[in-house]
Every structure is written in structure tokens, then in C-alpha cells.
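Two complexes, one shared chain (subunit A), two partners (subunit B, subunit C).
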Partner chain A sequence: MVQLIIRRIGMMILIMLVVALLLFLINEGDPRLIARSILGPYAQDQQLDAWVIENGYDRSVIVRYFEWLGRIFAGDLGESVIYKRPVSEIFWDRLGNTGILAGVTFVIMVAIALVLGVLAGMKEGSLQDRAISVFSIVTTSIPEYASAVFLVGVFVFWLGWLPGTSSMTSGFDPLQMILPVLVLTLYGFGYIARMTRASMAEVMTTPYIRTAVLKGLPYRHIILKHALRNALIAPFTVIMLQINWLLSGVVVTEFAFGYKGFGALLLEAALRRDIFVIEACGTAAVFVAVLTQTIGDLGYTYLNPRIRFK
Partner chain B sequence: MSDKKILSRDKRRYLLPSERELGAETHSYLPELCDQLRTKKITRRDFLRQAALLGMTAGVAYATADKLIGGALVPSVQAATPKPGGTLRVSMRIQQVTDPASFDWTEKSNVARFLVEHLTRTKADNVTVPYLAEKWEATDDLKNWVFHLRKDVTWSNGDKFTSADVAHTVNRWLDPKTGSSNLGLFGAMVETVKGPDGKPMKRGIANAVEVIDDHTIKFNLKQAALAMPENFYNYPTAIVHRGFGKDYEADLSKNPIGTGPMKLEAFAVGERAILKKAREWWAGPFHLDEIHYFDHGEDTNAWIAALASQQVDMVFRLPNNLIDAAEALPFVDLHPVTTAQTAVMRFRISEAPFDNLKLRQAVVACMDHQEILDKAFQGRGQIAENHHVCPIHPEYAALPPLTRDIEKAKALLAEAGHGDGITLEIANGDTEGPWMTDACAIFKNQAAPAGITININKMPANQYWEVWDKAPWGYTAWTHRPLGTMVLGLAYRKGVPWNEVAYDNPAFDAALDDAEATLDVNERRKKMEVCQKLLQDDAIIPQPFWRSVYKAANKRVKGHKTHPTLYHQFHNVWLDG
Partner chain C sequence: MSDVPRMNAVSTPLSRLGASFMASLRPVLLLRESPVGMVGGAIILLFVILAIFAEFIAPFDPNATMVPFAFPGAEMEDGRVFLLGTDHLGRDILSRIIFGGQRVLFYATVATAAAYVVGILMGLAAGYFRGYLDELLSFVANVILSFPIMVLYVLIIAKVGASGINIIFAVVFASSPGIMRIVRGVTMDIATRDYIAAAQTRGEGPWYIMLMEILPNARGPLIVDFCLRMGYTTITIGALGFLGLGLPPPDPDWGGMITETRAFVSGGFPHMAILPACAVSLLVLGFNLLADGLREVSLRD
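== the complex of A and B ==
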């Protein structure tokens, strides 16, 4: 197990270095583009050339890459072209906002998905199973931008119950969290519920459950004590994948509700070529993806003895 | 041009009392302008615009117009008495507000507008009136302009507002190191020289700015410029304090020293800008206590959702596709305005295949302007005529209407050497909204029967602004400008920075120079007709339509008029409840 952990972490570091190199080459390969994005559209050629020389961008790209890596490790992410502030200031702030949105969504989404998945899987083929399955497939099939518009139409324009945006401009407001959390939950829960349902249904057909039923154990006891623990091993990886999605894949929802999160920051940076923000966000998004995958793999290995002892 | 040409007090004794009454002291052309209004050769609005342009104060111009054509003798009764106080909340993108000279978005200038102000002000009715400058004078050849500054204005740090501030500001614009688009706007004060690296470089001409005294400043131009007062209200032309960028960093968000009524209480790019009334204002009472700008991101649905849930009182602009939704809200008023805002499917004629005149003419012949207006913009505007001069411009000359002619397009295409058809690509960034893609798609269908296949290269808005002056064919949005000569000078004169078409036509430049040096609007119209015709014949800008602009605001917002360029003028805005 220790060897596996070391191997996985080594692989993680290697992936991060390669991705960082790609990000750097794409964003800082052409020094004149950097000068243009910093000095603005009306800067004349002489100004661009002078900026490139003054800031050392006329040196080789490899030298600049290792310098950049050094700065990243030292916590210096550069200064944002759009925000005119150190990237680290905005970055942690926005990551924190997304963390709140992701955390609330994660708790609600996983709880609903597991309950519905178990309810569907324990009686495969029943009306209850079919109703839950259809509902989860439908909600997962509707993209976030569509459900966001639909829910805003109902709860903001028609009923007038909820605020239409979630920019938290006057401080944290729980009411402003409702719509984005609802959109993300509707979109995300179906996948976990379907995986849980399949896993549960499989467990329910195993001999040890049949034995427990025949022994006359209470049904609730069979589900909670015997079936559930095994049925949750398969969805574990899927749940870990959701963390990655919730941190870096919620761009659409943040965009739709004006939520000041990490996804919206990355999108704006990409649209306005804010290179140092793109580099920081890109690196962080890949780090989260690789980290959650690694934890997922290790966790799955730990939970599943068949893999652990192979 | 010597000072003798400027009409000064010394010349008064040569004027007849009747001429003096008609403003001849201010400018020798004013009596003739009055005569044109009296004989209905020009409209009241044209008179007001022109009189203000020549230095007549707004009050006198409006009173003279009423006297000449019998306007309302009794002033209109204001609907309600403004209530002071309150906070106006507006949904708008919050971008960095560093150096006003390098502003490239209206949104930046809107935050700055309540801190730093302009020499002139173009009102929502498209008439430019005095502001920090209380009046101005121009020589008859329009090459020398003298601006008289108000004496009752102070900066927020206590300094008096003087000519030194204006000179410092304008000299910064003309310095290539500043990187200001004003180098193009004030082309009459700019020369092109060889830079240190041998490449051509633009910079201000010697003696362009001349301080006469503490409150008088003179601009010496190398050629006639009609629109100096209008240009001084363009969004990168706010006047900054004489220490800006010299004694302290050129960053308005860090050093918000201004002549306006507000102070910048809080500012965070991408989040909010909080402006708070800070002092007595030289221009009179400012009703609002605070203005809060909130950034709800790029998604226009979020803007209207914020308005619907009353998180804000106003949206910066209302996209065309959301007008119906806003109209359905019972507590919201729509504020439309007819403008010269447009977008042109311009060819870069230095690039193949658009260096071929016949090909360009073939593409242009396929366009049905009305269909594009109706389908892409729900008819909310008026059709354009491929020459970038709008019927609301005073010097607009009506040309014969354009019609779609596919047979003609086919013949021209064959003459161009593409008898078997051609595939072209248009770059589009939807910089003003998704209707731009719709317009391209409709034109694609219109051109197909002639054998012209159009591929639409859709890209993010900011990416488009990186290639807008390089792409061989692109769909570029242009904002409203009060005079037709202004936009033609900015966009189609040889060598100017915004000549995205790479247009180089000496006959056009000469005709435009001539129009820009002509005060008489009827005469100028004749000269503009030449410019318009040349642009049409050279087929450089298929231009589908002019669009009306909409804003939406909560009904509690009173006294607001949408400005054609979406500049925020909240002088008369107040909140009811």
C-alpha cells in the first residue's frame, strides 16, 4: 500500500510538471502577446519591444520556465492584468467562494443521490426504481445553462421568491446560494444516484443478502447493516470525481448567476487573456483533478480488499 | 493661424447690434446659423448642436432657438420635484479604472465620470454644451480653438482647476508613451515621425497646446477640425489633475482626485464600485447620495435577473433578446434611444481576396438590409447604407436606396474571376451581443444564391478585439458619435489607427477634409454626399443597420435619459421611494 501511495504521488508530480510546462508555453511562448495584454490595445510597437526587454522576456523560454516554477513554489503567482492585483490575493478569495458553493452542493447532492440510489436499487424494476431512475436521468440530461434559465424564470420572474443573481455584493446571503446549489444538485446528483442504484441492485442479488432475508432479519437491518456498506464502494470513485467537477467545472453555473468563484475567474481570464490568472487557475484546476483522482484510486483500493491484496 | 482671426472683444465695435444679438461676438458664423433656423433650412436640434459647437452657451442657444422659431414661451413644468438622497444600484461590468486616457470601454469611464470630468458634455439629445469649459471660440478656418475654463471649479484635494490641468491632460494624450486612443481622435494635433527604431511613430505636434492664462487654453491644429468640442466628451478624454502620472501614479482607483461630486468609497475589479457624494458640486445639486455599481459577470441573463429580483435599479444596457422579458416586469421602465451605434461587416482591402473591388461589390450586392434588421434585431433600428453616416447625423445626405441584386452579384463575381463561386470567412466576436451572429447567418443565406459561401468564424469578444483591425473580413461594432465626420475621420482616413479597412483613397480624404472644414451644415451635407458615395462605390463596409439602444430601470428611478453612447449622466436622476 505504501509503495502504491508513493508511486501515485510520483505520477501526480510528473503530470503536474508536464501540465505546467504546457500552460507556460501556451501563455508565455510569445513575449509580444504578453506585452500587448499588459500594455493594452493602443500600445505602439516600440512600447511593446521596450517592455519585452525591460521585463526580461527576451531571454530563452526554458530559463523563464524554471524561473516561473520557482516563483510558483514561492507563492508568487504574478500580477493580474485585469485586476491589477497580485493573483494570489484574488485566487484564494475566489477559490474560497467556490469552496463554499461546492461544499454546500456536495453535502446536499451526495445525500440526495445516495438516498435515492439506495431506494431505487433495493427494489430493482419496481415503480419506485423506475420513477427515481427517470427523474435522475432527466435532470442530469438538462445542461446547467438551461436549468439555470428555467429556474430563474420560475423563482425570480414568475414567483419572485428568490434573488436572481448570487454575486454577494452586500455580504454573504444564504438566499443567493439557493438557485446555484439547486442547479448544480439537479445536474450532478443523477450520476451518483445511478451508480449507487446499480451497485445496490448488484449487492441485493448476492447470496449473502438472500441468506439474510431467508434468516428473517428485518429488511431495514439488511439494507443498512449488510447491503449499504458494500454498495457504497463503487460510487466512492464517482463521488471523488464530483469534488473535482465542483471545484473547477462549475463555470457555467457561476457565470449564469454572477457568482464570484474560481470558475468565473478562470473564464474571464481566458476571455481577456489575463495570462498569470490563467496559469494559476489552470495549474490549480489540474492539481485538484489529479489529487482527487489519486485519492479516489487510493480510497477505492483501501475499501476494496480484492484490489488491495492483489 | 494668428490670433487675429479669433473674434475677440476688440472686434465688437464692427458688429451691428442685430448681429451681436445673434451671437456674432462668439463666432462670425452664428448670425447666418440663426438665419438658417429662421428660414427652416436647418432643424432646431441642428441649430442647438451647431451653436453650442461654435461656443454659444447652452442657455443662450436654447433661448435663441425659441425666440427665432417661436418655441415654448412658458418653461415646461417639471413632472415632479426631485427628492435628494438614496442609493442608485446599477448592474455593470467593473473593469480597472487606472488611466482615463487609456480607457477602452465605456464602463470604465462611467465609474470615472463622477470623479473626473470633461471640458464639454454631449447631452442625450446629441447636442454638445459647455461643461468644465464655460465657452469656447474657434477661428473661421477651425484651426485654432480657445477654451475658457470655469473659475469656480476645485479639485477634491483642494487645488483650483486651471489651464495647467487641461494642458497636462492633453499633453499626456499626445505623448505616445501614454498609449492613448486620443492620438487618433485628435489627429489634427498629431504628426507621424520616425521612431528611434526607424518605425513610424505618432506624437503631438509642437505647440499644439498653448496656455494663455490660468483659465484660458488654446489648441493649435495643423488642419481644420470641426468636432473639437464633441471630441472633448469622448470617453478617454476626462481631464485629470496636473499631478496625475507626474507627481503620483497614473491610477485613478488609487488616486481618485477629481472635480466631480463623488468619491470612490470602495472599488474591486469584477465585483463593485461604490461612489459616495463627497462635496458641494460646482454644477449644482447632485440628488443621489450614493451610486453602487455591481458586476454580475458577462452573462446578460444575470443582469436582467438582478433587475427582476430588485437587487439593482438599472442595468448598463439591455440586450435585444431580453427587451421583451424586461418589458413584462411591472416595476420596470424601458429607456430606449435612437443612436448611430452600428456594426460593419468591413473588408480589409489590403488583404486578398478583398483587394478585389469587383468581389467586394458582388458581396455587397447580396445584402438585404431590411431583412437583417428585422430578423437579427427585431426591427429595432433603421437600415444603413454602407457608408457609416447615419440619418441622425446633421450632415447626412440621402442617397438612392440600395437593393439586393443577385444577378448583378453573380456578374460581378464572374468579373472578379470567381465565376464558379467563392468561400469567404467572416470573423465575429459577438462583441455587442448574439444578434451579431444572427446577422452574419442571415447574410450568409442571402449571399448563397450568388455562389458566395460565407463561413462564420465565431470567437470570444475579447479575442475579436485582438484581431479586429487585422482580420481580412470582420464584423466590427462601432459606437455612436454625434457627427458623421467624426466617425469617418476615425475609421476611414488614410493611416489613422482605427482604419481597420486599410482604406487609402486620396479623393475621400480630400472630401472629408473639406467637409470637416465647413461650418454650414447644408454645405457640409453636399460635401459629405461625396464621402458617402465614395464609401458606397468602393464597397468596403457592408453595413446592415443602425440599432436603437435600450436600457431598463426600476420605475423608482426618475429623471433618467439614456445616452446614445451609454454614458452615465445622472445629473438629474433621483429616486422616488
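== the complex of A and C ==
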């Protein structure tokens, strides 16, 4: 078990280093492109070359990569080309906003998905199961940018209950959070629900559940005390992987509602070639994704006694 | 089913390919037992027919600007009707949805098929040869899969630029590792079977074994996954269009149509953005229902 944890964490660090190298090569592999993005399209070749030498970009890529890693660990993310401010001033704020959005969505989405998945899986093939399954397929088929249009049409312009923006220009407003959270939840919960349903349905066919039924235990008790413990092991990994999906959805959703999060920042930076912002956002996204995948893997190993005690 | 092995025993590779092709049609024929799958298939068929005959079905040129801000059912002076209205530049929305569907289906199919070719070759090689090659390919797959997928698309498209070819490239890059993982798992399982040992004893080469013996027997999970991935790719192409990184204008694409017109939802013209949103949701629903039906059918036997 300890060996497995060390191996898994070692793998995680290796993947992060390789991904960071890829991000670095894509963005800073060609020094003249950096000079071009900083000095603007009308800069002459001599000026580009002068800038490259002045800032030490004429040295080998590997040396610069390790320097860059060192700066990131020290908290220096470089300076934004567009905002002319240190990236860290903008970046942490945006990341925090996304953290709030993703956190709230995650809690609500997982709760709904688990409840619906268990309800569907405990009576496989019943009307209840069919209804929940079809509902989750339909919601998973509506991409975020489509459901945003539908929900805005209904709740903002038809009923007039909610604001159509989530830019939070006049301070934090919980009302502005509802639509982005709803859009992300609708698209994302179906997958977890289906996994939970499959796992629950499998557990319900096992001999120990039949024994519990034959012993005459109350149905509630069987589901809550006997079935759930084993049925929730498999979805755990899926739930942790869902954070990776959530980070994807955040890019589209933040753009749709004008939410000031890191997904919108990444998109804006990518469109305008703001290289240091792209690097910061890309690194953060992969860091969160790889970390949650590792936790998912290790958690699954820990939760499953058949692996834990081997 | 009982006569398929007998045919295999005496036949040449070519007729065996035919037999395995017929066998791969079986789940499609069995689909009539799954109402959910049939609904999905019907939706996809509708969009495919609309795409193939777009030139004849679409009432207008999708890029022609006529009467701006017309509501669904509005009539032109010459008596022709805008069934779904027009957008802010006066282009017929029905025609744009039909031609947009043609574009989305074309790029989604080509991109997914290309991702499958790459993913299958990588997965077969990793699962059959094992060893260092497997370690290397699996590590590459792990690295790519560790990116949140939309972040990866934004990074790639922002670097190489937005065009049809680049979208295909990005989809292949981002989704072939997932396909490789599935193929690798199935390959490792099938490689232990007796008929593989028999083929090896006959002296067949590794690629013959992989493509002729292993791949046809791995088709079950791959067909279901292909349908799901067609849905994801449709969503992705739409999402890139929505973010302004998609297929170049003025030719219609559903994501781009939503992004161009969603500002007019507030101005009392919600149909402009809602209709393409319905189109993309319906097509993806078709793929997901078909995948669900195929999975249900394949679990049954």
C-alpha cells in the first residue's frame, strides 16, 4: 500500500513536469515569438533580437525551462502582456472565483447524481429507473452553450427571475451564481448518476443483499446500511475524474455568462497570445486535474478492502 | 451465429473480412429490440439525410442576406416563407441549420474516424507488444489525458489557428489516447486466447494478427464508444464555434450561430439562438440514445 502511494505520487510529479515542459515549449520555445508578442507586430528584426539577448532568451531551452520552474515555485508568474501587471495579481483572484463556482457546482452535482443514481439502481428496470435514465441522457446531451441559451431565455427574459449576467460587477451576488451552477450541473450530473446506477444495480444482485432481504430486514435499512457502502466505491473514482470535466465546462460557462474566472481568463489570453497568462492558467488546470486523478486512484484503492488488504 | 465459425475455418482472409463485417452489422440489426436506440438512430438518420441533400432541401442560400429580424413563418414579397425566421443579418435560419449540420456532421465524422485510426493502432501495438512500447505509449496517453479537455482544445487552437483541418488535428490529438486505452485493455484480454496462439503458430505476422484476429473481436465496446465520441465531438465543434475558435465564417456552424445571435435573445428575438441550440442538442441526443441502445443490445447476448 505504501509502495503504491509512493509510486502513484512519483508518477503524478513526473506527469506534471512533462506537461509543464510541453506548455513551456509551446509558449516559449521560439524566443522571437515571445519578443513579437511583447514588442508588438511592427517591431523590427533588430529590435526583436536585441530584446531576446537583453532578457536572456538566447540561452538553451532546457536552462530556461528550469529557471521558469524555479520562478513558478517562488510565486513569480511573469508579467501579463495585455494588462501590463504581474500575472499573479490577476490570476489568483480569477482562480478563486472559479474555485467558488466549481466548488458549489461540485457539491450540488454530486448530491443530485448520487441520489438519482441510487434511486435508479436499487430497482433495475422499473419505471423509476427508466425515467431517471432517460432524463439523465437528455440532460447530458445538451451542451453548456445550448442550455445557457435555453435557461437565459426562460429565467431571464420570459420569467424575469434571474439576472442574465454573472460578471459580479457590483460585488458578490448569489443570484448571479444560479444560472452558471445550473448549467454546469445539468450537463455534468448524468455521467456520475449512470455510474452510480450501474454500481448500485450490480450490488443489488449480490447474495449478501438477498440474504439481508430474506432475513426480513427493512428495505430502507438494507439500502442505507448494506448496499450503499459497496455501491459507492466505484463512483468515487468517477466523481474525482469529474473535476477534470468541470474545468472544461468552466471555460465555456464562464464565457457564456461573463463570469470572471480563470476559464474566461485563459480563453482571453489564448485569443490574444498573452503567453505568461496562458502558462499560468494551463499549469493550474493540469495541476488540479492530475492531483484529483491521483486522489481518485488512491482513494479507490483505499476504499476497496479487496485491494487494501492484499 | 452457429455457422460463422465454420465459415471462418475454411475461408480466405477476404471472405472472413466479409463475415466479420456481417457480424459487425448484427448489433445494428438487433437494435430494433431497443426503442431508445431506434429513436436515436432515427434522429441521426434525419440529420444525415438533411446533410446529404442539403442543396435540395434548404429553401435559401445559407449566406444570402435578405430580410433581417424576421420571425418564424414570416413571408417574403415573392411568397417564399422563412419557416424558422431569419437572423440579425437577414439569413434564413432553417437553411443555416441544415448547412451547419452538414458541416458539423462532416467534420465530426472525419475527426472521430481519424482519432479512431490513430487510437486503434496505438492501442493494438501497446496491448500486443507490451514492454517498453506499452510503457511509452501509456505514458504519452496519461500526459494528454491529464489536460482538462476544453483547456487542451483552447491551447491547441489558439496556437495553430482556427480552421477545419486544425479542428480535426485537435480532436485526434485529444481523443485518440482515450480510444487507445480501451483498445489496449481489450487487446491484452484477447491476446491470451487460443486462436491467437494458433495464428502465431501458423506463422502469421504481428500486424496480421492484430488487425485480422484481434480487432474484429474487439468491435463490441468500440462501436458503442464511437457513437458516444461522435456526440462529444459534435459538442466540441459547437463549443469551439461558440468560443470563437471554430470553423471560419461566414459558412454556418451551430456554435457560431449561437454566439453571433445570443445577444438578441434579450431584444425579443430568442429564436435566432434557441433554434441552433436545439439542433445541436438533438443531434447529440441522437448519438447518446443510439450508444445506449447499442450497449443494452450488446449486454443482452
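Definition applied: the second predicted complex is superposed on the first by the 302 of 310 C-alpha atoms of A that agree within 3 Å, B and C clash if a C-alpha of one lies under 4 Å from a C-alpha of the other, contacts with A are read in each partner's own complex, and residues count from 1 in each chain.
Note that a residue touches a chain if its C-beta (ideal position, glycine included) is under 8 Å from a C-beta of that chain, and two chains touch if they have at least 3 such contacts.
These figures come from a predicted structure and were not determined experimentally.
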Three-chain arrangement built on subunit A, subunit B and subunit C clash or fit: clash
First (subunit B), second (subunit C), both or neither touched by A:Q293: second
Touched partner set for A:Q46, first subunit B, second subunit C, both or neither: first
Partner chain(s) touched by A:L69 [first = subunit B, second = subunit C, both, neither]: neither
Contacts of A:Y83 with subunit B and subunit C, given as first, second, both or neither: first
Partner chain in contact with A:F150 - subunit B first, subunit C second, else both or neither: second
First (subunit B), second (subunit C), both or neither touched by A:G164: both
Touched partner set for A:F255, first subunit B, second subunit C, both or neither: both
Contacts of A:I9 with subunit B and subunit C, given as first, second, both or neither: neither
Contacts of A:L266 with subunit B and subunit C, given as first, second, both or neither: second
Doubly contacted residues of subunit A, that is, touched by subunit B and again by subunit C: 149, 152, 156-157, 164, 255-256, 267, 270-271, 273
Residue ranges of subunit B touching subunit A (in the complex, touch as defined): 95-96, 98, 102, 104, 176-177, 179-181, 183, 195-197, 199, 201-202, 251, 253, 269-272, 292, 294-299, 301-302, 304-309, 311, 325, 328-329, 460-463, 465-466, 497
Subunit A residues touching subunit C - in the complex, by the definition given at the top: 11, 15, 18-19, 22-23, 26, 133-134, 137-138, 140-147, 149-150, 152-153, 156-157, 164, 244-245, 247-249, 251-252, 255-256, 263, 266-267, 270-271, 273, 278, 281-282, 285-286, 289-290, 293
Contacting residues of subunit A [partner subunit B, same complex]: 36, 39-47, 49, 82-85, 148-149, 152, 156-157, 160, 162-165, 167, 169, 254-258, 260, 264-265, 267-268, 270-273
Residues on subunit C engaged by subunit A in the complex (per definition of touch): 36, 142-143, 146-151, 154-155, 157-159, 231, 235, 238-239, 242-245, 255, 258-259, 262, 265-266, 270, 273-274, 277-278, 280-281, 284-285, 287-289, 292
